[in-house]
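The chains carry the letters A, B, C and D, assigned in the order they are written, with residues numbered from 1 in each.
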Amino acid sequence: MSSQPICAVRNAALLDDFQQTRALTFALAAPLSDADATVQSMEDASPSKWHMAHTSWFFETFILRDHVAGYQPFDENFAFLFNSYYEAEGERHDRCQRGMITRPSLDEVRAYRAHVDSAITAHFDALPDDALTLLELGVHHEQQHQELFQTDILHLLSRNPLKPALWPTPRRLHNAATAPLRWIEGKSGIVDLGHDGGSFAYDCEGPRHQMLLTPHALASRCVTNGEWKEFLAAGGYDEPRHWLSDGWAWVQGNNIRAPLYWTQDGDWAQFGNDGMQPIDDAAPVCHVSLYEADAFASWAGARLPTEPEWESAAAALDAHSGNQLDAAGAIRPAPARTSAKAGDGLAQMFGDVWEWTGSAFRPYPGFKPAEGAVGEYNGKFMSGQFVLKGGSCATPRGHVRACYRNFFYPHQRWQYTGVRLAKDI
Amino acid sequence: MSSQPICAVRNAALLDDFQQTRALTFALAAPLSDADATVQSMEDASPSKWHMAHTSWFFETFILRDHVAGYQPFDENFAFLFNSYYEAEGERHDRCQRGMITRPSLDEVRAYRAHVDSAITAHFDALPDDALTLLELGVHHEQQHQELFQTDILHLLSRNPLKPALWPTPRRLHNAATAPLRWIEGKSGIVDLGHDGGSFAYDCEGPRHQMLLTPHALASRCVTNGEWKEFLAAGGYDEPRHWLSDGWAWVQGNNIRAPLYWTQDGDWAQFGNDGMQPIDDAAPVCHVSLYEADAFASWAGARLPTEPEWESAAAALDAHSGNQLDAAGAIRPAPARTSAKAGDGLAQMFGDVWEWTGSAFRPYPGFKPAEGAVGEYNGKFMSGQFVLKGGSCATPRGHVRACYRNFFYPHQRWQYTGVRLAKDI
Amino acid sequence: MSSQPICAVRNAALLDDFQQTRALTFALAAPLSDADATVQSMEDASPSKWHMAHTSWFFETFILRDHVAGYQPFDENFAFLFNSYYEAEGERHDRCQRGMITRPSLDEVRAYRAHVDSAITAHFDALPDDALTLLELGVHHEQQHQELFQTDILHLLSRNPLKPALWPTPRRLHNAATAPLRWIEGKSGIVDLGHDGGSFAYDCEGPRHQMLLTPHALASRCVTNGEWKEFLAAGGYDEPRHWLSDGWAWVQGNNIRAPLYWTQDGDWAQFGNDGMQPIDDAAPVCHVSLYEADAFASWAGARLPTEPEWESAAAALDAHSGNQLDAAGAIRPAPARTSAKAGDGLAQMFGDVWEWTGSAFRPYPGFKPAEGAVGEYNGKFMSGQFVLKGGSCATPRGHVRACYRNFFYPHQRWQYTGVRLAKDI
Amino acid sequence: MSSQPICAVRNAALLDDFQQTRALTFALAAPLSDADATVQSMEDASPSKWHMAHTSWFFETFILRDHVAGYQPFDENFAFLFNSYYEAEGERHDRCQRGMITRPSLDEVRAYRAHVDSAITAHFDALPDDALTLLELGVHHEQQHQELFQTDILHLLSRNPLKPALWPTPRRLHNAATAPLRWIEGKSGIVDLGHDGGSFAYDCEGPRHQMLLTPHALASRCVTNGEWKEFLAAGGYDEPRHWLSDGWAWVQGNNIRAPLYWTQDGDWAQFGNDGMQPIDDAAPVCHVSLYEADAFASWAGARLPTEPEWESAAAALDAHSGNQLDAAGAIRPAPARTSAKAGDGLAQMFGDVWEWTGSAFRPYPGFKPAEGAVGEYNGKFMSGQFVLKGGSCATPRGHVRACYRNFFYPHQRWQYTGVRLAKDI
């Protein structure tokens, strides 16, 4: 039997993914002004317009330029402006100067996106297999940028003393009780980890390999805002013994007193993409650095999970479940269900907040970087960063997997990052 | 005879000045996008939107709030966002964070301006005399910001690799020959300087006082681009002996090789608000720092004029003449007239480029800072800066006087700054 | 049978270790002037005098103050001056200000050492067991500082344009041929790692635990200077694709062109504690960062060993062998023996150069930090650093073990650090 | 009559000056250890050893190398190590790396000095006139460095938590009452200023020229410590309106709360070269910046004197009088005499503290820099600095003149700098 029909199905799904992903980015940008979309609020963040153009540049370069004869680029200058870290693709605009690009405008970038989308759709059926592979990569690449798009614009708006809300505040139930924390024993002995090759994954998620786990347990849910207030009340940010040495220097050098976006004016509130809102004690703490996560765990007499522990526990769960991003709008991590019975397992593993692990982002046994420009992808970032797992409320549903490896430096916290405790047993 | 009619005439002229000045700012902003008007390209520069709102805040605060009963501010938050260095007016937004204010939008700031303009016009006839004095100050204040508006947006656009032109390039006559440089002897002995009190001036321009000048001469025109190319060709930027010690450190620390906005791609070109244009050898060199001006003079065997020398020579000239700003549009310093006969005097004293003097910006004998918030005006800047005289092609015509004291730090050069030579005789 | 005699033997050995270690520090300082011993050449390094006093402070505080009734401290101020990172011991002098302490002088610090040595010796027999445990810790602590003492004074002398030699140059045989590189297969499957508790080790070396290794091989010897010259000649420092992203930023930001202390004046030479000497092509490359080590491995088509791979291979070897420190004097990494027959195993595993592993310095399964001030020891450094194994020519013989975990940041290279390659098989 | 005998007298005096100056430097260094003499405590300061060697290098280079045939330099490397800002003399060691030069030792530098002294003395009689001119310059140059020697070692010792005293504390009379402040009217109209050419002066002190002074008065004595405490108590450091804009930024950026070296532990004390001593309320405030001086004057309703006002008043006074340096030892500014009758004039004009003027350090009319390397002397420093007049307790007696122009940046205060008030009348 021919594989043709199967491929056709797969391809139709890919085109659909492409179109839905492109549409979601469009929707995320709906409430932005030209100015909102242009400013770079810190070196770690990029302008919205840049995310929108860079993801389009990816498709234009690796699909249209390389695989569609006679394709005319939308603008010859965009390759220089919107390349990011693909050194092999030639010179590129200095990362920390991205906020200087007031032109092209947001509308021109929207037109650029439409141009690329039309061209991809028009030529889709004629694309060779390796172009389709790159197209699939491009969709995942754009999903990654959708999360950064949201965290970066949030950071920018947080710097405005007016604290503008990007989206209307949804009706919330703030009377949720905090689910009790239980310890769920994990597997020990040899476990199989990493991507098994059956579907899309980034290079760094493989190869499939084995690890040996020692007896341990994971907390049934994430650390809550209410628990974090206890840490604050106990002087957690004043006591060096809880902190990694680099973390303590970071606390003192930056006068860190609470999670990012927390403001105290009487009660605590936290800025989000629906503006400044009261802290929900039952919801997971969000926007904490690895340093804070580690200090909290140390104070609580526990530790962070290792990546293998986390991944092993998550492998059996549905990665498409939980509080993840389905559509543009207000997002916040949500409380774990309190109806949980003793027999229930791990809550909030996918969605809500990225969970810091205690594992450095380093290659798996047998890892080989992919060849060529696209292959610059992940291996080069394997120093100084820690792995985060599970996705957040800003992660497009469908993007994350148990073996997905997100990574950030230990001081970074503008992502939707939180904490799950672990312990040896 | 009553002074009433005279006052009425004066007041009508003031209202007219107010309205024309406000209209010019509006026109200067015409080609800007919301993004253009929002981004801060360096700490020295401010966003266009900020200039537009800050000048309006001045009128709203010192005229409408203080002198119009029942005035409703356009937005209560703007006082915090758009105050600048008036410490007495309370807390204000951090200067280097001005580029984070993506909201209010450019259109909202335009509406703010219209709101203030209507209120001033509606209440003008009822304003008491001290309010009118402040209104006049506000007009001059806004004219100052009109120049900064132009230099700041130019700097921002220069950071865009696309080098966008803000205005269409005017037809230019590039075949002008360079006027020969002649030395014009200045007055020596006791001269009267400073503002004589008959009309508006800033606090630092007075009091009227006497100085003793020694025999000297001023160059008949500014140093030209062509002469600057000779300095470049002679290795002027490579030879420490021409430079002030701080200037040499600045050259080396910032890899300075030519005036700001000069780019060499075969021939030299210089970026301006009409985009990248070939260098006109006969036009005055522009966008040089005091360090560069001083090094050039040293290399040329001359020196910079002192402020008293310059002001004494300019006192007899028409401060409203020359290449100054009459309307929004493309601006460039222009060549001196070559038809000058031997009997002609000093050319280009007003307009074209601000001329660096060798005088530090310090108070005149008998200077007293004005009282109150508005009086924070100039005295506090009297350290580390040098005086510039004569206005530029970006100075609104009517703003500058012989006794006008502009001042910048010796490394700054994003203003339209140039050089006139002087020598002892 | 009583354990008394055994303890007595153990104790006699401990006193002997103490005295020999203290004597070695004294000898290392012999060629130093008061000035040499005082200056801090960079924030990572400490003055020699500080090392000499700090190690003495450790014994004075944790043994004499805490366990010898009536002990009079040599100087009450020294606790403040010479504490390092023991936050629990109270305020301490700012690390980057250590070079300001011109007084006490080197001779006074020598007197301080003699005072502590006499007191320890006098009271040794009466010390309780936990004091003896701390004394043993203090000996190992001082051995660590002996290595830092040598690397820090080397860095200081390297900053002197006169490039002074600390010790006379020994007679060297520079005609050694480079041993051929062979690949030695390592163990795979489950291996036992970490300290087994039978003797002294730092907290971070345990607990004993198991890891799963995949098939791999280690290079039979370290990367040589000659091979590094090939990397240089191939443009290794100019090609971003070999480098970690942070490493490439480090190369460009610091204009890195060769290993630390290499100077090219015709031929390459490298500064050492016997002054500037020609590069020995057969000797291991030394003073390279993790970034350089990783880039070299990438260029060579190999990778760095993981810590478990390295430790597993080293477990069977004699940790007291090789080119390690026996006495004060000139030190340099030495070529591997070329007489090696095919059947020979791994050379240079202990001594010569610390070998960068690809493993981040993170806790072993079941790791618990020790309690109290002394227990601040290692856990707090577990972010951002990489593990190095095997000791160097500056490591006092007897100090290092297969399970010993040294750690530095990936950009640091003033230690005697080198590279051994590994690969998957 | 031949001028020979006169010259011989002048020359004998010069040799005497040379020898006494050299001996004073030797005496100033007497209490220093090798370490004290080596460390550089901040970029503005230089090591004692450097001052001792650099002043010797001056004589060795410009006299012995250039005018004594066959002279053998003490060490060929010293020209590189101990040149300072004489760009024309070739490459030199980076200023901020001066503290790395642990070798040569203090004793070797003493030997270098002795070598140069012997050679100068031996060849003195044969030196040509222009060499004698340079020798005289060298003596004055060394006197300048004697003051810096004292301020720089004071700064270093102040960084040591032990606060060591360099010299024994002299017996002091702390019961001196504060002399009442009277206003002494200065000359107005045209005055003659600048050096008149009859004896040694630096290039920047001339040419002799005229200035026009407006009516003004100077305070009869310097601002005292007691008055400064009133400024502190009135919140002087908390109130931006007293401060220059750059000064306020400096106060906030550096958390400035009091003059340099003031420490409050109950009562205020100030560190000096005789250690930490109680503040003498009647003595002049010392170690204040121009920013502080200006803010104090503003708070006090006065202003700083201009350089011409100060110099005109000082011209009639004995520049060799007052509290200046006669010999190595403890130094502190001393209270003005309280016995002053109403008819008495200006006290403390020479010695005690350098007095900040409100005049920028810029060239006098007709100023020309000297030619050649030695002529790099002062003109290159004529930006951003303010003039100080009158010398201090650290200035060698005989070094200062009414026309002497000292200059520092407005934030610098590690010199013995104080304040005299002035006002318009």
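What we mean here is this: contacts are C-beta pairs under 8 Å (C-beta built on N, C-alpha and C of every residue); 3 or more make two chains touch, one makes a residue touch a chain.
Owing to the predicted nature of the structure, the values given are computational and were not obtained by experimental measurement.
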{"item": "CA centroid of chain A to CA centroid of chain D, Å", "value": "60"}
{"item": "Euclidean distance of C-alpha centroids - chain B vs chain D, Å", "value": "39"}
{"item": "Cα-centroid distance, chain C relative to chain D, in whole angstrom", "value": "47"}
{"item": "Overall pattern in which the protein chains touch one another (line/ring/star/complete/other)", "value": "ring"}
{"item": "Interchain pairs in contact, sorted by label", "value": "A-B, A-C, B-D, C-D"}
{"item": "Footprint of chain D on chain C - complex, ascending", "value": "33-39, 41, 77, 80-81, 93, 97, 99-103, 105-106, 156-157, 159-162, 164"}
{"item": "Residues of chain C defined as touching chain A within the complex", "value": "85, 87-88, 190, 209-212, 214, 240-241, 243-248, 290-291, 294, 303, 358-360, 362-363, 365-366, 376, 380-384, 386, 410, 424"}
